[in-house]
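Order as written gives the chain letters A, B, C, D and E; numbering starts at 1 within each chain.
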């Protein structure tokens, strides 16, 4: 059985039925019940609230009308809630569909009053279990709404930075929050790549020491992870680039400087993925060559032993033949039948010849280099 | 025999004779008799009609002069009918040829008063039998004419949506109908990819459990399907892009928003196909490595058993030689001939040596790791 | 010997000596004596003439001064004739060199008063023998001059279409004739691809039924043909594109509509070639995997039989040893020497043990799945 | 154990924690204590100073206010120092982060008052030990600040050239110094490539002479080095190109002429890397083919010897059977039991037949070409 | 030992030390002493001179002030001479460095008063020995200076054409001479490709007839030559393109027409190289498949013979066992011990069973198709 089965990464097409109306909202299979946090802040103040329905959000939006808000929704299991957000904040239904259809490619779309971005959120825990979920964000004039599939605390660092009053995140508007979210996602890619890098080295070590079959399985697993990461990172780069080039005022000039930094990181990630893919291929070549070398070694042992003993066994067989020295009925001597057997030193000569043949063969193999090349 | 033979996918060039006049209409081999449906609708009313010849169509066109019409033709087996459509609706003969030559690449062409698009309609039933037929559509001022090769109900979802009076399909003009048709075709691609994804996982499972030769056949079959899908999806994407960029008023601005959504789906399809191709390649590598591992295992068993017994058999052969202890004629003793045989414990020593040699060899193999690495 | 040797396709560089003056005209090796046809036509009249020298041509050019002419030259074996054409019709000598140097890449060049195009004419007879020759065409104000290397009737269809007075070929000027010639060449590519497609399917069938070595040879042959076709079709596409974009009035607007059609066909050809190359690679993978499977099968049979009998033969060898039950000279009994041989049921036990060992081994192989996985 | 283990080249992602604030400065793991040199020069004078803290630098900056300065910092182990530089010379904190995060891709960024460039400094000592560290440089109006990770004297040549009063480096401003630094880095690439080229030839020689397994390891090691170099050289080229196209006045026109030369060198490096990669692949193919040839040779020896002796041993075995010439109890003769054994010349005929069989087999192998094709 | 060793093609990086001043002139290792020719010509007159130092040149430049000059320098072994040319004709020192550093990529650079071009001069003698040297050319107002590394007469054809007064080379200025030189270099590429094409066919023939190991070596040698040619031809094409697009008046409009012809030839060369590379790969696949087929054949022979005789030998071994018919001491009969041996027709039955087993096995192999598929 495949030991990696449980953590096998699936690469899946988007779901939905043939001929569905565009903009149709479907709750993804197995989606979690939404959990909502809202952070409202300005230069001096930070108000937090948490809840299971939108009333929490809309109350706070009213109360802190002048603040900037980050509404963080974890879990997409409630289509009503998504539709309500769509209506209240006038979000296009194609966008809502994209949020709920959790197999999107990373992209950045501009709509008059808001911008919409989506990313693959690929996290990696200490046991190197990769999780591939969808992250979407809507940026409006004074608010950012982020949607995650899981309850994992993937943006803890960011939430901490919100506590510092003078940090850029408190001062550079909702576009910066959006940048910071995507930047964190990119940081997660580095975490995954770091693990992959470590595993590649580990695999290489195992190849040199003991080329087991599991090397192949593990490399295939890594390759699949790299395919996943590449599928996510190329459009991620394009998305960041689109954000840098956008004319929307929601992404201001200072934020764009930071986005250029994120863009560099994306390019680095793509670079690393390509290098790791090459190293994977290299490892497989190495593994196969080790396996084939081992096969050669086995063959060589088989050949040397067989080839030495086969002629000797033949000689022994010949002198084991029962050609009779005399007719059993008449006792007439048959002197042509194996006279060697009746020589005083026949056995000694025979053994001598065998030793000689064996030595000659060893010499032949040694000359061919079959011993030194093991 | 190849078990996949019946559903083998053919990739075929276009037909026709060398030096044929461009615009020559030929009925494709095995084409079905046309079956015609016409839907005439406006915001409030929907009139349907069905028939085998064009009179149904032209009657309804006259009766419902202010409606928008969708004329759906299934089966291309009648060149007269196509020519009549060409004449009555003044369609260029090169377009008619493209409709009838069922090996087109997806494309979108603009002609003054109408636009023409063609797609590969790749459907996939529950047994994963892929069907690759051609779908063409002509969009005019107040009508859409679609041409399919088969009678399959591939656009059921769309026909249902037509029943809802206020849906976009009733309000956004013939360009939207054209979009909806192509969008449905793209949905069909996802269905096929979904099946392929499932099969790839299934194949991988089979490789880990029992690397049979059928894995190779099935993977080749999938690869061929992926080649087909890629050949269809790249130009499909370009086609959608051409439609987004067209200056023709037949594709209005609202429809273009939807087309951008379809474009994203196309890109996703291409992405998936490339990923699936990589996974296919990966599976084949894995399969070959499993096969070669099994070969190694077989060789190892052969080698261990042979190499252990060959020297022992030689020893047994030696002591089976008949060098005589005495001359058979004179009975003169020949004490140099195999005195071991006449030792009181010769046999015991001999067996002891054999056991020793066998154990030493086992030790050698164990040191080489031939047991643990099975 | 290679059975495909006779029809092996050569991919050759252009000929000529180092340091030759550009514009030097050389008769290609083995070139045929020119045979000249001239078709002079207008809307109502078609005059044909045929001959071996240019006087035929120039007479008719004079007589039918108002007609459009198609001068069709088969065979390039006469440099004087080419030079005379050059002088009389004022054709650049670099163009004449290109016509005579029969290893050109397809291209389209504009010169003030004429345009020049060249193509690879790749034909394919019913036995799938590919012929790769050069086709060049010069288009002037009121005439088209085409040059072919062979006497084959590759443009029969076209010559027939010339007989119909109202066909486009009679009305759309020399540019259309040029288009029609290139379109016919493209049709020939489809013929070749059709044959290749059939052969690929045939090869695949043979792989499944009986993976013979000839599969490899035939696939390599196909691959070479595909390399040839690809080398021809990519620049062919560029050439057609250049013709569509030309500002020369020799290619008029109506012809360009038809050229766009030819362009689509070119793209289709390139697509098919790439798909066929992938299928070729796939077939080779399949073939190699079949060969390696067969090797495994052979090894398995060898291993099972050897491994079962080797220990048994060893046992038989042991009991064939001649350790004596008594000293031959003194007749002193040696009871430790192979007492088994003198047991009343020694032989029965021995055979029983052999059967047991054999069965245990079969069980071991069965558990390893060596029987079911054949 | 892998003999290359110690010098294995790591390809690592950048470090840092998920969700870190951009611009956060972290001392890289194992970073060395900074060592600072400052060169202040004008056309006529050159002042040098050296020290462990920044006071040396700022003193000299004050003293030689009209000079151009090159501040060379080796070792990044002190974040305070970097922060102080940032504050005193007003360097953006994103730039400071890039300097300290030692896994940057080569890039060139312009900021109003300064430009920033970073490179991979890949050096190679005589034992072909590759070192991959980061080199960063900031160019301001009258100064260049360079940051290296190690204490190695990688720019000795450049420091010597500074001593010559009329050399371009003394006259063409800080931009030229920056160019000269990058040019030296590019020279280091040539050193590494020179070593790789030598090793590739060495490996090839070893393949022809004695295809040992270490060939595979060494080629993989080279491949990894080439992956590293390629990862560094492509963005290096882009960086140089960005410098050529910059509008910043810090890089003047004369320097750009030199940069074009450096650009050519970069392209040459990329070219060489690609060629070397191809040669690597070629070497691996050759090695694998040698290994498989050797395997074939071993198999051939095994087969020839086995196949010759197996039937002979069988014959010997047959005549070693003990079918009795007479019933042991009744002494009734059993004349059908192996009468050959009691023929006067049975043994001679038997040996004759064995020799014949052996010769026939040798003939068969000779006809198959198994001897000549070794 | 590698038989191709002597003509192995090296792909080398440029030389020089780390940190060298740009523009430093170094005599390449093993460079020849310069030999100088000067051709001064106008429409009517051609003056030749030859010598070892520059005085010859400068004398003639003075004497024939109105002529166009072609100064042809063979051998780069004298840095003084190059420096003198630089000073007298005011050539930039970076250009002089490029001339002397003989590992340049082909390129074309414009400097105010002169243009500079460099190419790889890849010649090929009748024994297919490839020589890769550098060719540089400087074009000034009324002169062309060409630099070659060797004394070979690579431009004989060109020198002959200079003798014809009315040829274009005498009339179209120094730019045309430069074109003619590069065109000759391109002709040399065709010579090399012609040889490679012939060798590829030869190799293919050898694969079909007798797949020897040398096939692999020779193909690798060709591949390396193709890598070299590709490295030279791609930038050669770019160089020609740069010359076509230059605004420098040194390359006049008529010359550009000829350059377009040269450009076409370059594209053809690149095309051919790619095709030849594919054919090389195809040949290696074919070779490996032949080798593996031969291996299979060997295995099949081994298996058939072994598997037939192993059970038979076992049977012979069984009946060679010495289970006694009677206790040797007491002479008590042991009737259960191998009674077959004392059957009147035991031997006949035994041989019959052996023959039967052998035939059954042959039948089994025949059914598996092991005979027909050889």
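The working rule: a residue touches a chain if its C-beta (ideal position, glycine included) is under 8 Å from a C-beta of that chain, and two chains touch if they have at least 3 such contacts.
As the structure is a prediction and not an experimental result, all values here were calculated from the model.
Participant: Which chains does subunit C share as contact partners with subunit E?
Facilitator: Of all the chains present, none is in contact with both subunit C and subunit E.
Participant: Measuring centre to centre with CA averages, how many angstrom lie between subunit B and subunit C?
Facilitator: From the centre of subunit B to the centre of subunit C is 25 Å.
Participant: Roughly how far is subunit B from subunit D, going centre to centre by Cα mean, in whole Å?
Facilitator: Here subunit B and subunit D have centroids separated by 40 Å.
Participant: On subunit E, where are the residues touching two or more other chains?
Facilitator: Residues 292, 295, 299, 302, 306, 310, 313, 317, 320-322, 338 of subunit E each touch two or more of the other chains.
Participant: If the ring is traversed from subunit A in the direction of subunit D, what sequence of chains comes out?
Facilitator: If we begin at subunit A and move toward subunit D, the chains come in the order A, D, E, C, B.
Participant: Which residues, counting only subunit E, touch subunit D once they are in their complex?
Facilitator: By the definition above, subunit E touches subunit D via 1-2, 5, 8, 10-14, 16-22, 94, 103-105, 107, 210, 212-213, 216-217, 220, 223-224, 227, 231, 284, 287-288, 291-292, 294-295, 297-299, 301-302, 305-306, 309-310, 312-313, 316-317, 319-322, 325-326, 333, 338, 340-348, 350-351.
Participant: Please name which positions on subunit B make contact with subunit A in the complex.
Facilitator: 154-158, 160-161, 167-168, 183-184, 187-188, 190-191, 193-194, 197, 201, 204-205, 208-209, 257-258, 261, 264-265, 267-269, 271-272, 275-276, 278-279, 282, 285-286, 289-290, 292-293, 295-296, 299-300, 302-303, 306-307, 310-311, 313-314, 317-318, 320-324, 327-329, 334, 336-338, 368-370, 373
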